[in-house]
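Each of the next two complexes has subunit A plus one more chain, namely subunit B in the first and subunit C in the second.
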Partner chain A sequence: MVDDLRKYLNHLLEKVNGLHCILITDRDGVPLVRAVTERAPQLALRPNFISTFGMATDQAGKLGLGRNKTIISMYPSYQVIQMNKLPLVITFIGSDNCNTGHILSLESQIEPFLKDLAAVVVDAP
Partner chain B sequence: MQSDEEDTTLHSCFDSLKSAVMGCCYSICHKENDLQENIINERTHLLEVPEQQHETPAPVASATTPPRKPDEQSALNRILQETATNVIDVGALGPYALEASAYSERVRAYTARVAAAPPPPPPPPPRLLADVPHSERNQLLSRPPLTYEDKELVNLIEHRHDFLIENFGRYF
Partner chain C sequence: MEKDLDKVIEEIMATPNVSGCLVADYQGLCLAATGDVHVDSAGIIVAISEQACKLEPNLKPPTVCLETDKRQCLIQRHGTITGAIYKLKA
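And now, the complex of A and B:
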């Protein structure tokens, strides 16, 4: 399953110009599947970077606007888009000029695979 | 002599009151001793305040207070818990990181479980306006543009088309 999924994520990576990596992790940043190019910043792939999203999305959900779904963070050279699919988190890292809407549109194409992956995380000890 | 003793007693009483009631105005504490209490001045309340409001609130868990009913206590606990959950306290979150051993153990568990999982469903069907890969897109965009004659032909056809539509009622 992993190889097929990784291949599919690599295919999605090629479709979006400037997208460096797609990570599917649990909320602590432990990776399940990842498709990474050499341009991806290594610091942003660390679990302690990714796991901050879990806390941030919890806090953002308390602002009275309902459950937080996505957080987009813009940096001078990169953009990080993280989606709340708890118990999973999808992280996209792209260049600063990458088309953000194009990245967001990948959600629907990854969604069908998440059910099985979520079961893996839930059943894990 | 007696007046000195009274003064010291009163002052010690005031000191203990002041320490017990934070923010309590000294003038209020001093009220009983005020000889000019009944004289209307700038400190006199416009509305009569009942004495009960000046009393310090009794502590919740004092020995004299009867124990609360269990349902009331549970309701209070629930409210407290809900409030604590709804508070946004980013400062208290702090950095969070898994231990290296726990991390590697979880990675191993996930790898084993994902490998044993059933194959993923087929990718969603292509859309009506399917996107093309980056390399193919570059190839398409790098092709030479339309020639001048082709553009003129398209413009001519469009012009005639507009003319026909505008004068459709006149000729037919």
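And now, the complex of A and C:
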């Protein structure tokens, strides 16, 4: 199942210009499935970077606007889009001029695969 | 702030057979959407226009027309802004 998902993520990577990687992790940043190109910044793939999203999304949920779904972080040469699918987190890293809207629309295409993956994470001790 | 954009969209929607209209920025983020249009399609619309521009990079961005049984979707890029108009087939 994971191999199929990885192949599918690699296929999605090719579809969006400037998208460097797609990571599916748990909320601690532990990678479950990853599709990465050589252009992805290695520092951003580390669990201590990805796990900060867990705290950020919790805090953003306290703004009184409802549950936080997505956080888009723009950097000088990269953009990071993280989606709250707790217990899973989806992280996309792309170039600064990458099509953000196109990346956001990938959510619906990845979502069907997340149910089984989430069950595995919940069952893990 | 977006009064001018709203006015343009109002004008487009007043045109016969137009069922929806969407405007997106260069990052594929939706600036405005009215009628029978899904906001999430903004990114894909910009991506389509970007790909079409690659066919003739030295010319003005082309107008892309996507045709289905019931509707037509016309996509046109102008600078950093991309617009899509959905028309019912006559």
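To be clear about the criterion, the second predicted complex is superposed on the first by the 125 of 125 C-alpha atoms of A that agree within 3 Å, B and C clash if a C-alpha of one lies under 4 Å from a C-alpha of the other, contacts with A are read in each partner's own complex, and residues count from 1 in each chain.
The criterion applied here is as follows: a residue touches a chain if its C-beta (ideal position, glycine included) is under 8 Å from a C-beta of that chain, and two chains touch if they have at least 3 such contacts.
Here the structure is a predicted model, which means the values were calculated and not measured.
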*Residue contacts with subunit A in the superposition, subunit B compared against subunit C*: B
*Could you look at A:V120 and tell me whether it touches subunit B, subunit C, both or neither (first, second, both, neither)?*
first
*subunit B versus subunit C as contact partner of A:N17, first or second or both or neither*: both
_On the A-aligned overlay, A:S108 touches which partner chain: subunit B = first, subunit C = second, or both, or neither?_
both
*Go through the superposed model and pick first if A:M55 touches only subunit B, second if only subunit C, both, or neither.*
first
*Quick one: classify A:N99 as touching subunit B (first), subunit C (second), both or neither.*
second
*Could you look at A:L63 and tell me whether it touches subunit B, subunit C, both or neither (first, second, both, neither)?*
first
*Would you tell me the residues on subunit A in contact with subunit B in one complex that are also in contact with subunit C in the other?*
16-17, 108
*For subunit C, which residues are in contact with subunit A within the complex?*
24, 26-30, 40-44, 46-47, 50
*What residues on subunit A touch subunit C, complex-wise?*
16-17, 97-105, 108
*Give every residue of subunit B touching subunit A within the complex, in rising order.*
86-88, 90, 93, 95-98, 103, 106-107, 109-111, 113-115, 117-121, 123-124, 131, 133-135
*asked:* So in the complex, the part of subunit A that touches subunit B is made up of which residues?
replied: 1-2, 4-5, 8, 14-17, 26, 28-33, 47-48, 51-52, 55, 59, 62-63, 108-109, 112-113, 116-117, 119-121, 123-125
